[in-house]
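So that you can tell them apart, the chains are marked A, B, C, D, E and F in the order they are listed, and the count of residues begins at 1 in each.
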Amino acid sequence: MEYNKRISDMNIGEQVEGFYILKGVYPKTTASGKPFLNATLADKSGTVEAKVWNYSGPIGTGDEGKVVKIRGEVSEFRGASQIVIEKIRLAEQDDPYQVSDLVPVAPIDVDDTMREVEQLVRSIEDRDYQAICLQMLQEHYTALRNIPAAKSVHHGFLSGLLMHTANMLKTADFLAKLYADVVDRSLLLAGTFLHDFAKEKEFTFSQLGLATNYSVKGQLLGHLVMGAQEVAEVAKQLGVPEEKSVLLQHMILSHHGEPEFGAAVVPICAESELLSEIDKIDSRMEIYREVMEGLEVGEVSGRIFALEKRIYRHK
Amino acid sequence: MEYNKRISDMNIGEQVEGFYILKGVYPKTTASGKPFLNATLADKSGTVEAKVWNYSGPIGTGDEGKVVKIRGEVSEFRGASQIVIEKIRLAEQDDPYQVSDLVPVAPIDVDDTMREVEQLVRSIEDRDYQAICLQMLQEHYTALRNIPAAKSVHHGFLSGLLMHTANMLKTADFLAKLYADVVDRSLLLAGTFLHDFAKEKEFTFSQLGLATNYSVKGQLLGHLVMGAQEVAEVAKQLGVPEEKSVLLQHMILSHHGEPEFGAAVVPICAESELLSEIDKIDSRMEIYREVMEGLEVGEVSGRIFALEKRIYRHK
Amino acid sequence: MEYNKRISDMNIGEQVEGFYILKGVYPKTTASGKPFLNATLADKSGTVEAKVWNYSGPIGTGDEGKVVKIRGEVSEFRGASQIVIEKIRLAEQDDPYQVSDLVPVAPIDVDDTMREVEQLVRSIEDRDYQAICLQMLQEHYTALRNIPAAKSVHHGFLSGLLMHTANMLKTADFLAKLYADVVDRSLLLAGTFLHDFAKEKEFTFSQLGLATNYSVKGQLLGHLVMGAQEVAEVAKQLGVPEEKSVLLQHMILSHHGEPEFGAAVVPICAESELLSEIDKIDSRMEIYREVMEGLEVGEVSGRIFALEKRIYRHK
Amino acid sequence: MEYNKRISDMNIGEQVEGFYILKGVYPKTTASGKPFLNATLADKSGTVEAKVWNYSGPIGTGDEGKVVKIRGEVSEFRGASQIVIEKIRLAEQDDPYQVSDLVPVAPIDVDDTMREVEQLVRSIEDRDYQAICLQMLQEHYTALRNIPAAKSVHHGFLSGLLMHTANMLKTADFLAKLYADVVDRSLLLAGTFLHDFAKEKEFTFSQLGLATNYSVKGQLLGHLVMGAQEVAEVAKQLGVPEEKSVLLQHMILSHHGEPEFGAAVVPICAESELLSEIDKIDSRMEIYREVMEGLEVGEVSGRIFALEKRIYRHK
Amino acid sequence: MEYNKRISDMNIGEQVEGFYILKGVYPKTTASGKPFLNATLADKSGTVEAKVWNYSGPIGTGDEGKVVKIRGEVSEFRGASQIVIEKIRLAEQDDPYQVSDLVPVAPIDVDDTMREVEQLVRSIEDRDYQAICLQMLQEHYTALRNIPAAKSVHHGFLSGLLMHTANMLKTADFLAKLYADVVDRSLLLAGTFLHDFAKEKEFTFSQLGLATNYSVKGQLLGHLVMGAQEVAEVAKQLGVPEEKSVLLQHMILSHHGEPEFGAAVVPICAESELLSEIDKIDSRMEIYREVMEGLEVGEVSGRIFALEKRIYRHK
Amino acid sequence: MEYNKRISDMNIGEQVEGFYILKGVYPKTTASGKPFLNATLADKSGTVEAKVWNYSGPIGTGDEGKVVKIRGEVSEFRGASQIVIEKIRLAEQDDPYQVSDLVPVAPIDVDDTMREVEQLVRSIEDRDYQAICLQMLQEHYTALRNIPAAKSVHHGFLSGLLMHTANMLKTADFLAKLYADVVDRSLLLAGTFLHDFAKEKEFTFSQLGLATNYSVKGQLLGHLVMGAQEVAEVAKQLGVPEEKSVLLQHMILSHHGEPEFGAAVVPICAESELLSEIDKIDSRMEIYREVMEGLEVGEVSGRIFALEKRIYRHK
């Protein structure tokens, strides 16, 4: 028996034992009155349904999102795999499992990427924009390092926001030079760095760090308005001239490009126009990357909801 | 000769003398090198083109928006009336003219309406929402009393914002009672009262108080975001619980109803849904009122840009 | 054993006995050739699946929509409750059940509301419009009192049309006074009163009075055109001047506001514009009411199809 | 000097004399107080501006749409031709002019086409549909023979409705045979014959028979609803079964195909679907015909408003 | 026992034996480790699920789309019919089954229709257009005779492209005469004949000739561009003047009418405009025919995806 | 008197002499029968109207787009400048004027940029894609060097296509490295290099090289389809595998991103997705550059047609 077998590798008939995320749990009663659990287990390779017969606790609804240790057998139920669990308990502090085996993480070196981002921020020539960015970096250091940038669609893994921000900053840096006669590099880089910071408040996160839902505040105000508001406050504290503060807020408020994609105002500066394009490019390339991982060369995908089309992998 | 004759009543061939707004002025030179002025004069009944031959100053581009005294004769030029001005000077402090004859004003009693608005604000049961409203009323008292709610489309006259706000508050009060099991009256009235306050910053105003253009800040941030931001600050100063502050900001951010009409977020509470409807009703009824003033009974208008259709006056 | 237990309160393992609506019924045969029934039972609290083993009649497809008396046990089938029925028969005239326990009804006092509506109709100053309304009230008295205003979305319960009409008339009355210089109150109230009368012909109704489907005529002509047509006929019978008849037809034909929402023509009078807004307000407030009943305070709903968004309950 | 020279053939410097339509007339006064007329003259080849100096009547605004006899000289004014008129009077009954030289008429033989239409109507197998059509033909004989089908876009000339109806009936006849297993020929031909009859009420017509404007009733109800209503009445008089009446009304109500193109309901029968396509084909082919008349072979037109594109003439 | 019983006629409990298409096949293992097959069988009347217990081959995934001979019993599984198969083997060359009983075919006489099409092609007066068409007819003779015009929506059966092309050519012929002053008959017929030829390359086909999927090339280029490209090559080979080649390519590139329906360019000639309408008519009439086959007279269908509405069968 | 004074610097009353483009010319006759010319002159700073009294040739309509030498005086006519020309003749071969003073040219060093482009093309690793690009570069060398990329909107000056292509290639090169795991650099660079080559055939050009209009072929087929077709032919000549040819055609056919922006198919590869974004970025940045040249710092532009909004210059 292989311990901690990846869910995507399990076969019907196998015995399995190991640590998995208890993604969902539904206590039930059989027709004959006996308690049992329906559960969903997950690791970073996928999810699988499970059943614990004759089980009345202690694990229950309040434990969703935690790690459990289980032992059981993979069987078939209505055409899909299902683990019939014999033993289940919550994982403890010293248990031998790696969070990184259970939750998906960005395919980057987090320390290196944080350094790259910080270097680009320090390269912002305008002292005011730089000061705001450094202040925000300090206040949100841990969040930037760790949180995903989405629930699912793209960058929905640990450090997803960092990966997204770093890629975009590099492109912003390149385009600021290419269009140097049109674009203020300091404004473009500052806006790019800050554009998604309020995602930290827009989502609620599970114990393991994944975005599980939109927060109520996130749904009432949106991360664009929340982000602009925080930047306005920091700018005021630091004594940055109002014109710069307003331009930076405009960058954040308009970075979805069009009202129908959620922009609170439309971009009307070269820098905000460019930011919305850079955001779109990085989002789309990441969607292609994630979808193409699941395709063979020469295969066309099913319909991708976020793109409203199928895509093709040719290499 | 009739003094201060309304522009809409002038006939070709008449001598005119009086005070008018110098809406536009364009210093020119004839082919033979002589200086003259092309000008546009306005009062609240309309506008008329004018010419001042052989004139090199002192009146010039810097005087647009001011009141002038003129004397001249109404002639015809390419099918339209044109005043050939013999004398022109800037109006002085003691000159015998009424601003209310020159600029359009809301068809309401301003003092009474201010009182009605204040009473409705004081009727807000929730102390926190009421406190924010009273603070904002105090800080923006003069603006609320005086400014128009638009450049042209509807309520584009002095005290237009007040008229719009008062009508909407009355409807909000009525509907809060009709839908009392769904709607929090305090939130609805507070949001209604505050929804357009940032128009003061969204526009620039002429010396006589009319909205002449969008401010740069207004175009970069929009009055929805600016309004929400100010309310957030006042709420923080007054120690209002964050949940209420967020709900009130949501009211303001969503009051245009749909992203394509400029909403920064879509309304997701009964109160914000209702506010967007009340705003639409008062805007549309005012457009009907303004357009129907220029129609005969039984007449259909030309295409109304803001409504994307023609309208019919039957009474 | 509790008689007539509400479906939403049933638990697995309980014995139940009582009267329920036979919403759907599907006679089947087992692999071994034995006849049985799959059925759906309903009361006003919800629906539940049921099975009657070894049953070959007399109840069958022709009895859908009728009331049945059943006895059985609540079990679990594939994760959902299911009643295994031991006894089933059609309800008879003297059986001790209340229709109001089985079908949802409007949360209003029907007699009071009918009186309010009639009073508002009698308050219409214009004798012609009033006459048409009184005639229509007389002809459709029972339908107005009883029918739902929809299959499901909003006001889909007994007396739903009455509740919707009464609310809208009150708002119309209020707004007619607020915008008295723009709006003809008689036309507005008459149009509001009559706007949905043809729903009686647009739907087919079950024995218990709920709207079960669109009628063929309803799908070929729509309730707007059918409503306008009937008003045109009544106006002709009563000798009402054609101009008034045409205005009233226009109110009904345009009350969905925009072609993409089903308006046969766009509203081009202040009164028809207002009617379409009032209709939208009452529809939306009722959707909020119905959805919020199923939400906790602080909870965000799932996506509401009719609103194309999620909504939030904060009080 | 050539009498009744076509306006499109006039050259600057020529003397002209003849009968033209007084399309517009604007009495004016010069700066020096002298009365004169600005006028627009038209024949079927086009329009030209004109001036009558020192003229104070009797011809005035009330004579728009009538025929006048004029004499004058073609001159140039701001880059366009303009007739300076020396003599002008209203045409009298016995004056030697042909209406057909002045107003555009359909390029068809009206008597022949009426006969073709009547034959197709008489070929409708279903006695009920045929009876309705014959009754309507009798009541609207003169209108069908004479009126245009539009103000301008397509078929905006005398007998335009007849030309449009005849072409569509021929196509309906052809397609009813091709799709005989799907389509009820009687319903298709009856709907096609009747679909635009209410244009007679939707427009107001000049003395010479051209559509000059939408009638108020036309704007409040639309020709689809008015047409369906009249058919409903005729059907009732003739004792036609309601189902057939409803189907025929549905044909008329849905013949614009999509709500955004003005359909009161969407077509849901094969016959109404087909009618909306046949209408679109004949409308578009006539637009191509009219536009291509003004193009050289190998030329691309300017933007055609009704088609939202430019078109190309290759033969 | 009836051999080759139509799937739509099978009843639970019957023994069946015969030839069916193996539409899908999924080798599985039971929880206890025994191999079995889940399969989908089809004939032209419909599809049915099937199970082969204790089966490990030789039939497997590679045999999808082939014909099999089976024997088994119809049972019920979760409310649907399911054949429990006792014997299964691939059909062999001399087996007594008809492809036409298994796959749907166009309800036309293929030989007659090919003759009609060829006659219409030979009636094209312009020698260049005719030459291109004859060359294409020769090269694609078998495909035109046999392939479906779609995967499912309409004409998704054998010889579907032929039926669609023949109907459209007849309508094109009729309309070319009706609008002879606007339309070049040769261009219209040639474009109509060729417009869908590249469907042969846009789809992949099963062994039995049905369209199973879009080819990669079809998704990268589309049948409009592929069709235009092939016509351009043939025209070059035959020495046809470039202007005619370009017009014919334009016909093919624009035949979907609007960009949102897939047109590569919008139609700007009368002929391409007409082609897009004729295509729409034949597609829609075929959808009506196919949907109405499954409806009773007086019945309204469920929502038809391709039409975005429900349809009504009245005859 | 200053020779060759820039049109934007001319003042009323000045004598001018020099070489200008004869952009438009309209031979006319005065009311008294005398011939004269209305003309439009242009240099790269702008345009001005002109009149040549008593002139009957030889210059006429056939000379539009050529360079003329003129002498005259700047006067005022209806509020705008107008040159009254005394002498006018066509420019001859040896005349001392620079085309670059008359027509706008890209603000780049053409030789350097051609070299950069060629280097990037030679850096394409895939030999097949490189071969196609080099072949196309050789065949279209002069066009790529010289033609504008548009009539007006953006890059509407000499060497505009080169500037646009070079900028896009640099960005493609950068992004191909950033997204190396998703993107085939060879395909991206080849598609970018070739995407607009068919603009050479889509436009007609004046003698001086500016795009004056769309060609008929350009309107019937579009530059996307024409470009893909030429690439298909070159690929076939060079023996490139069909799969690569199809991918490259797909790049060109989809580079407008969405059907409503003119894409013949939607991009479904990472490379085509990216190409459409890069194209949008360079187009938009160039529009910002061109518009901002005419704005002061702190100024908001008028509505920019191509962007559907106003833009703001803050630096």
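Quick note on the criterion: a residue touches a chain if its C-beta (ideal position, glycine included) is under 8 Å from a C-beta of that chain, and two chains touch if they have at least 3 such contacts.
Bear in mind the structure is a predicted one, so any value in this text is a computation, not a measurement.
Trainee: Quickly list, by label, the chains bordering both chain D and chain F.
Mentor: Correct list: B, E.
Trainee: Of the pairs A-B, A-C or C-D, which one shares over half of its contact pairs with D-F?
Mentor: Repeat of the D-F interface: A-C.
Trainee: Roughly how many whole angstrom separate the Cα centroids of chain A and chain E?
Mentor: So the centroids are 44 Å from each other.
Trainee: In angstrom, rounded to a whole number, how far apart do the mean CA points of chain A and chain D lie?
Mentor: 62
Trainee: Name the residues of chain A that each touch 2 or more other chains.
Mentor: Where chain A meets two or more other chains at a single residue, that happens at 216, 219-220, 247, 268-269, 300, 310, 312.
Trainee: Run through the chains and report each pair that touches.
Mentor: A-B, A-C, A-E, A-F, B-C, B-D, B-F, C-D, C-E, D-E, D-F, E-F
Trainee: Which chain D residues qualify as touching chain E in the complex?
Mentor: 167, 170-171, 174-175, 178-179, 181-184, 243, 247, 266, 268-270, 273-274, 277, 280-281, 284-285, 288-289, 292, 300, 309-312, 314-315
Trainee: If we count contacts the way the header does, which residues on chain D are in touch with chain F in the complex?
Mentor: 12-13, 75-76, 79, 298, 300, 310, 312
Trainee: Where on chain F does chain E make contact in their complex?
Mentor: By the definition above, chain F touches chain E via 216-217, 219-222, 224-225, 228-229, 232, 246-247, 249-250, 253, 259-260, 262, 264-265, 268-269.
Trainee: Could you list, by residue number, the parts of chain E that touch chain A in their complex?
Mentor: Touching chain A: residues 28-31, 33, 38, 214, 216, 219-220 of chain E.
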